[in-house]
Structure formats: C-alpha cells, structure tokens
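I've put the structures underneath this note.
You will see chain A twice below: alongside chain B first, and alongside chain C after that.
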Partner chain A sequence: MSLLNVKVTAVEQITEQVKQFTFELEDGGKLPYFSGGSHVVVAMDIDGRIHRNAYSLMGPTSDNERYTIAVRKQEQSRGGSVFMHEQVKPGTRLQITPPTNLFAINKLAKKHILVAGGIGITPFMSQISDLNRLGYPYELHYAYRSADQAAFRDQLEKLCGDKVHFYVDDEGRRMNFTELLIQQPLGSHIYVCGPNTMVNSLVLMAKQMGWPDNAVHSEKFLAPATGEPFVVSLSLSETEVMVPGEMSMLEALEEAGIDAPYLCRGGACGRCELEVVDCDGELIHHDVYLSDAEKISANKIMPCVSRANCSRMVVNL
Partner chain B sequence: MNMAFKQETLRDDYTFSNSPESVRRFPFPFDEDEYMYSVNIEPHDAGPPGSVFEHAIDIDEHYLTECEERRIVLEDDHGRYVALPHMMDAQWDMVELVMTNLAKDYPESFQLTQDGDNWHWVNQPLGIDQKFVFGDTSTLPMEPFEFISRQVQGDWVIMDQRDEDLFADLGIVTGQADWSMAFDAGMSFKEWHAPVPHAPEMGIFDRALKYLLHLQYGSPVRRTNWRMCVNPRLDTSSEKWHLWGPDNVSVTAENVAEKVYLRVELQALFRLPRSNAIAFSIRTYMVSLEDLAKYPRWIKRLYRVLTSLHPDLAEYKGLNSYLPYVLNWLKPQDDGEVLPKGTQPE
Partner chain C sequence: MEKGYSIKSKPIYGTLVWQDHAMHHVVIAEGEGGKALLKLFQQKLPREPLSVLYLAADPQAEKYATTVQKIINEPVTIKDSQAELLNALKATLDSCYMGTQFYVAGTEGFIWKVAAVLRDAGVDDKNVFKELCGSLGRRLYCVHCKTTNENVHHNIHVCTGCGRHLIVREHFSRLMGAYMGFMIDAEVPGEIPAAEEIYP
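Let's look at the complex of A and B:
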C-alpha cells in the first residue's frame, strides 16, 4: 500500500479529552482530495513497534493542502490515542494511508439523517461539507455527555445552521430514536457513528421499524481485543508467527514483515479476511463483517480485531 | 515509442494499420496455452518504457484516429454518452485524472496549468486550448466528462459505489465489443456482467466485486480481456450490429490473415477521490493475424488457446462463423514447441 509522508502542522486542544491534529505533506505538495466520510490510517512508531489507528478526515473536502483529524484520548487505550495526545507535536512526522471511504453518503437518498455520539461526530464533519456543497437535504443529530465535551459545536452551528440538533446527556436531553426515525420521508438514509450501544440500538430500531438494510449506515471502529497468545501458521508462505496477548493478529503479521491486506482495521470492511484452514482451539470473532453463520462455521477470520483461544491456527496466506 | 499520430479510419475503407513498434507493444493476453476466466487483476503499476503499461493512461499512434472515430460515433448517436445527475463530482474527478496524467506523461503533446481552481488545458494534437474553472460546468463547452473523454483513447465507465455494489452511472462507450452503454446504464455490477457464460457460477463476479469495493485511491489495478473481430472496427456496438455483424461471414481462407484481428482490452480501474466512484477504462488494441505472426511465440500460443477454448466462450466472443478459417491458417505455424509461461513476444 502506498503511504503518504506527512508532518503535523498544528495541534489544538478541542475539549479536555479531544485534540485536533493538522497534517500537511512533508514535501509541501498537494494531498489527494477525498469524499465525505473518508478515513486515513495513521502509523505510529511506539517504542519501535508500529501501531496503526484509523481516524476520520474532518474536511472540508475542498481542501487538498491539509488534512485534519480529531483524536479522543481513550482511557483503555492500547497506546495509539495516548501516543497521539502525549507525543505528537507540531513538527512530528508521521505516515498515513491515502483516504479510504467506508462511510460514504448514498447520493440517491431523498434525505440524509446523520446521528453522532461524542467523538463519532468526526466523519460527519467532512460529510457535511459535501452535503452542503451538493445541496442535498440533511439533518444532523449530535449527542454528547456534557457541555464541556461539545467538540466542534460552534463550527457545526455555522456549517449546518438550523439543520443541527444537540442533545446534552447531563442536561437530560436525550435523543429519541423512535421519534427521529418515524418522521423521516421514504427514501431517507440514516448514518450513525458513536459508542457501540448507540450504534447498536439505532440500527436495531431502524430494522424493527422496517428500514431497508441499505438505508442504514453505521461506522463503529473497534479496537483490537487483547487475549491469550497463540501461533499463526501461514500455509502459503510457510512461516509461523507468534501473536502476543496484547497485539492483534494483523499487527503480529505486519511485525513479522508479512504484507497482509487491510483497510479499516476495525473489523468492518472485510478486506483483511483470512481463510482459516485449521485451528486447535476456538476462534474469537470481534468483527461486525462476518455473518453469524460464517462466524460459527469457523473457517474465516478478520485478523484486525479477531483472535483465537488456541495454541496454533493455520491460515491461507 | 513512435509518437507521430496517424490519421486513419476505423470504418468503411479501414486504413487503420499498426507500425512495427505498435505490434511489438501489443498487450498479448495469453500467458499459457489454455484460457479460462479468472480474476486476473494485478496492480496497474508502471511497466517498462515503451510498453502499453508504461503510463497510467496509454496514448499511442492511433490517438487522433480514435478521437475522430469517437466524434463520428457521438455525432450519429449521442446515447453512447450517459451521465446520471448524481455523477457530477465523478465527472470532475475524471477531468483531473485524465488531464493530470496526460500532462505528466506526454508533456510534449499536453500541457496543464493549475492556479487554484483556474485551469488551463492545452491539447496540441487536437488543437484545443481551454481555460476553465474547475468545478464550474459553465466554463466548459460541454459537460466536463464529455469534454475530456473526447480527448482520450478507450471507453470509460464510471461506477458509483453504494448499497455494497457498483452501478454504471456515467460512461462514454463508442468502441465496445458487442454491448451497449445505453442498455447497461444504471445497472449493478452483476447485472451488466450477467451475459458472460460460466463466470457467475465460478464465483468470479462475487470475488471481483468484493475486491473492487475495496479498491484504494492511489492503487489502481488492471486486467486484460480479449475477443476477435473482423476488420479493424472499434465500434462493434450492439446498436450497430447490422453494420458489422455480416462481416463475420466475409472471412475466407484467402483473406483470414489480414481481415481477422485479435482484439485486446486493457482494463484499468481507478478509485476517484471526490466522488468515491471507480473509473473503469477499457482501452482496445487490435492486431491482425498477419501482424501477430511476426512473433512465432504469439501465433503458436494463439493457436493452442483457440483449439482448447470452451465452445460457450467461442460463441460468447462471437468467433463461431470464422473460427475454422482462423484455426486452419494458424495450424501449420505451430510446430509444437514447448512455450514457457508469459505474454512476451519473443
């Protein structure tokens, strides 16, 4: 995969937990344009170990001089967000992938309903810049915990005008999904990004209310789960790789110099899918890509987030 | 590479011909003695200088010929150009893709100056000098994609990505191998591939679609496809079958070598940045059997592929009415030599 060499040109504290980072190409050239909802994967060198996290590009999509991302410092972080918050300063050099869009708007939707929870607001920042430019009808519903966590509220008020609605948890104003969904015209598409519980309940609600699957879009990047160490045996390249407890299978493969495919690194897109030829234990699936039937049949795995309780797994790679 | 642009015809008197360099760089599609479909997709990386893979978009000695052919086809039938309204971002993506690549790779013929959104495009072979504002359709004489696609070789279909599928929602298709853009417009990936025999049950399209949905910006891919045709006619569209179909029975033992062409499509796929659409380019190269025979390795391999071809594929590729003449002509040229794997001419 081709990578872009960038340098950090600005770091801004947005809320107590959220920092915004601005990247420009190291050689001063133009970055690729991108579509609303795109993300990049940022590679970080943490004590000699390459760590990769996906972050949404915030736009505006018309800007090819710089990219901005926002990172929330995660209490249970495996190191990525803490590294971004504590080590990355203006002048820091990083490598990022070109933009990939796994959360694109459907251009034929009659109306776009955007639902964000907390730091899940980030992919919508660039989507809104596209929706405004294209003149498509939309509304944004943004929930956050308390007034001091209202990242980008002023900016959104300016961008969206009366199309944005805020829900502040500790002020007792919560989003009512039933009410939100029931009033939408036929042909609307809904997009949700936020904490798991929010995404899951909205997706479930939409399904129960008869929304077509294709009209419900969600983005929920999962962090790789930790677990017990095991050995992956690669049948095609005839190598064995040890997966330590605190590393994902994908990370361990990369660490061993194996060029394994990936895109979202969050168990959502399916690009890193591997065929499991043999496993002397149990696969532990954490992805949202494989169907329940596929998970039970235990012959496929998403190494970016999933792992196994076993001593040895054989995959076709 | 010979960059003197020829002015030939691809219809009526068929003055089209390939120079020796043009034959040598022909993207011969068979690396083995047998052919069956596969998801033969590889990175569209820069190939050796002079090869058709040297640049992302190949311009060759037939540039003027093919642009003129496109003009003639569009004048007769503008339905070969299809642009659904939600594809305007993709139209501009295409302007950027074609102009930046041609200006970078063929600076003696094409020049692009960009000052923010103020662009200045010079196409010397076609005598076009156009200043315009990127993103403002009113500053071009026609829709952006039509404007630029009239200045590049090959057919282009731009696919919108939604509902975990790809839809043929924008395209210019004037030199196709027996299909119709007007018929396929708006269709999903599997819908427009439905006529291909055996490939669906082999899972080819499931795998290809899954792969393409994840195609990344900056990492284009390519594959080749092939068929044969009688006379160097690019416009073998379904719409014009009444004009070219009867040629299939004009082949005789005497004229087969000069009249029958191996026709190869170099298909490249690019993820487009603003629209998240995928550009699918279908660049056709045609070489007569007579010219192909300059390279014994190619002619022997072609004979072996055609003798072992599944009858359904021969029919789908439209070869049935003249295949016996082709085989009779090729047969004496195959001495049975074992050919190592690969598509190279020598």
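Let's look at the complex of A and C:
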C-alpha cells in the first residue's frame, strides 16, 4: 500500500483523555479528498516496532490541505494511543495510508440517524460536514460519560444546531435505543459508532424492531486481542512467522516483512482474510466479518484481530 | 436456453413468509396473488398491526378476496384497478415507519410497480418479500423506441411502438420493472426465427 508522508502541524488537548492532531503533507502538497466516515491508518514506530492504528478523519471533507484525527488515550491498550499522546508533537513526522471509507452514509436514505458513544463521535464529524453540505435530513445522538468528557460539544452545537442531542451518563441522561428506533420514517438509516456493548445492543435492538440489516451501519473500535504465542507457517512463501502474545497476527506478518493486505484493521472489512489450511489447535475469531458458519468451519481467519490457541497454523500466503 | 446461465439482474422470487420481528405488516397482492395471501394467513395471523391491499379484477380474484376477509376478520382494502390500488398503497405508506415489513404477490409487472411506489417512499426492494403468482408474462422494454410492452408471452415479440421483432433478453431493470428487448434481425434483416410461447 502506498503511504503518505505527513507531518503534524498542530496538537490540541480536547478533553483530559482526548487529543486532536492535524496532519499536512510533508512536502506541502494536496492530500487526497475523502468522503464522510473515512479513516486512515497511522503507522507509528514504537521502540523499533511498527504499530498501526486506524483513526477517523474528522475535518470537513472539503479540506484537502490537512487531515485531523482525534485520539483517546487508552491506558490499558498496547501503546498506540499512549504513543500518540506522549510522543507525537507538532513537527513529528508520520506515515499514514490514504483514506478508505467503510462507514459512508447511504445517499438514498430519506433520513440519517447518527448515534455516537464517547470517542465514537469522530467519524460523524466528517459525515456531518457531508450531510450539511448536501442538505440531507439527519439527527445526531451523542452519549458521553460526564460533562468534562464532552469532546467537540461546542463545535457540534455550531455545526448541527437543534439536530444534535446530548446524553450525559453521570447526570442520568441516558440514551433510549427503543425511542431512537421507533416511528422513524420509512427510508431511515441508522449509523452507530462507540464502545462494543453500545454498538451490539443497538444493532440487536434494531433487528428486533424490524429494521432491515442494510439500514443499520456500525463501526466499532476493535483493538486486536492479545493471547498465547503461536507460529504461522506461510505455505506459498515457505516462511514461518512467530506471533507473540501481545501482537496481532497481522502485525507479526508485517514485522516479518510480509506485505499482507488490510483496510480497517478492526475485523470489519474482510480485506485481510487468509485461508487457513491447517491448524493444530483452535481458531479464536474476534472479527465481525465472517458469518458464524464460516467461523465454525475454521478455514478462514481475519489476522488483524483474530488469532489461535495452537502451536502452529498454516495459511495460504 | 444455455445450461447454467443466469444473470445477476434477474430477480429471484420466493414464497411469502412472515417476518417475525416486524412491527407492522403490509401485504399487497393482485389476482392469483390472492392464493399467496391465503397461504400466508395459513401460516398464522400475526399479532402486529396488519394492512392488506388486494387488487381483484376478475371473478376468481373476488372469491379470494371474500375468503381473505373471512379469515382475517379485519378490513381489507380491495380495489378493482391497479391505479386505485397503488393510490391506496401510497395513502397507507403515510402511516408506515421503519420496522414495517412489506409483502407483494402477483405478476412480475405488478410486483415491480408496487416496488416502484415503495422505492419512492425509501423502501429498498431487497427488503420487500416477493412471490410471483399467475401469469409469467414479461414486461418488455424496447431499447430502440423505448416502448414498454406489457404481458409478453413469447421469446420473440413485435414491439407495439416500432414494429421491430424483439428478442426478450434476461437483463432486467429493477427501476423500470422490465426485461430488455433487442432487435433480433439487426444483422441479417428479415431473418426471424419462429416465436415460442415460453412465458405462459
């Protein structure tokens, strides 16, 4: 994948845990245009190891001079967000992938209902710029834990006016999914981004209330799970790669210099799919791409988030 | 017909089955689709609000209509022209929300006219349950003069618009609800095979 060389031109503290970063091309040219809901993957060199995290682009989609992303510091994570918070300063040089969109609005929808939890607000920032420009009807529901964690609230009030609704957990103002889903006009589409539990329960509720699957869009921030180390053997290139416990299979392959495909790095798009030829243990699927039947049949794996409890796995690569 | 040949744009129709999670069911049928309606109500009478719209334009259809009314014990909207039925459907849509499941049974032409009304209201035809009933006659769109020919039963059809002999292709346009018809003797004028009735 061809990467873009960028430099950080601004870092802004948004809330105690959230920082916003602005990137421009290192040589000052124009960045590729993107559509609302797009993300880029940022490559970080952490002590000689390349770490890659996906972040949504937040800026207005009309701006191709700079990209902005927001990163929430996850203390328990494997270091990507901590690195962004602690090491990345104005002037830092980074590599990013060109934008890809796995969370685009459906332009045929009659109404768009956007639901964000916490840092899950980020993809909606650029979607809103699209929706405002196109004049499409929408409403945004944004839940966060407490008033001091209300990232981008002022900006949203300005951008969305009375279309935005805030829900503050510790003030007891909770989102009621049934209310969001009931009596919405035909042709509505709903988009949800936030913590796993929130996304899962909204998707389930929509199904139970008769919403068709293709009107329900979701994005989760799945961090690759850690686990036991194992060896991946690549049948086509006749190489063996050791996957350490704290690294994903995809990361281990990349580290070994193998150009493995990926897009979302979150188990959602299916791009990284590998065929499992053999495995002397059990596959542990964490993705949301494969169907349950495919997971059981155990001959495919999404190495960006999934791994195995085994000593050796053979894949067709 | 070539073995194994099928084309993605060609719709595949199923059998109507209730969608258990729906909050409201809207069932639209015409003519022989009355039988699909009866089969559907033999599965069960759903608990959720139900709207039934039926186009009954012949004695057999009227019989189905009477039976349906007896079974479901709720008012059924019965019309004797397609235009009126589609208007009644539009009126029904004003009180429909997300979570409404739509079911259509009838000829292919009817199914796609209903789908067009639903599409205008924002309903994706992929989410509409469809059962093909009655005549297999196709709607045929002449790519030369843009006339839509109704109830085409033969594989070669003389276009009512331009008089060309059209071969009925498998390419189907969901937007127009019609198969594409191409002039059969474009290369050798006058060389026209005998037409067969393959869509009775």
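Everything below uses one rule, namely that the second predicted complex is superposed on the first by the 317 of 317 C-alpha atoms of A that agree within 3 Å, B and C clash if a C-alpha of one lies under 4 Å from a C-alpha of the other, contacts with A are read in each partner's own complex, and residues count from 1 in each chain.
Throughout what follows, a residue touches a chain if its C-beta (ideal position, glycine included) is under 8 Å from a C-beta of that chain, and two chains touch if they have at least 3 such contacts.
Quantities reported herein were computed from a predicted structural model and do not represent experimental measurements.
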What is the contact status of A:Phe103 with respect to chain B (first) and chain C (second): first, second, both, or neither? neither
Would you check which partner chain A:Cys269 touches, where first means chain B only, second means chain C only, and both and neither mean what they say? first
Touch check for A:Asn214: first (chain B), second (chain C), both, or neither? both
Let me test your reading of the model: by the given contact rule, A:Tyr138 touches which partner, first (chain B), second (chain C), both or neither? neither
Please indicate which partner A:Gly187 is in contact with in the superposed arrangement: first for chain B, second for chain C, both, or neither. second
Contact-wise, after the overlay, does A:Phe152 reach chain B, chain C, both or neither (first, second, both, neither)? neither
List the residues of chain A that touch chain B in one complex and chain C in the other. 108, 214
Complex contact set, residues of chain C against chain A: 19, 21-24, 93, 96-101, 121-124, 126-127
The answer for chain A against chain B in the complex is residues 1-2, 32-35, 38, 61, 97-101, 104, 106-108, 134, 214, 263, 269-271
State the interface residues of chain A toward chain C in the complex, per the touch definition above. 108-110, 181-188, 207-212, 214-215
Give every residue of chain B touching chain A within the complex, in rising order. 86, 89, 93, 160-164, 210, 214, 216-219, 273-276
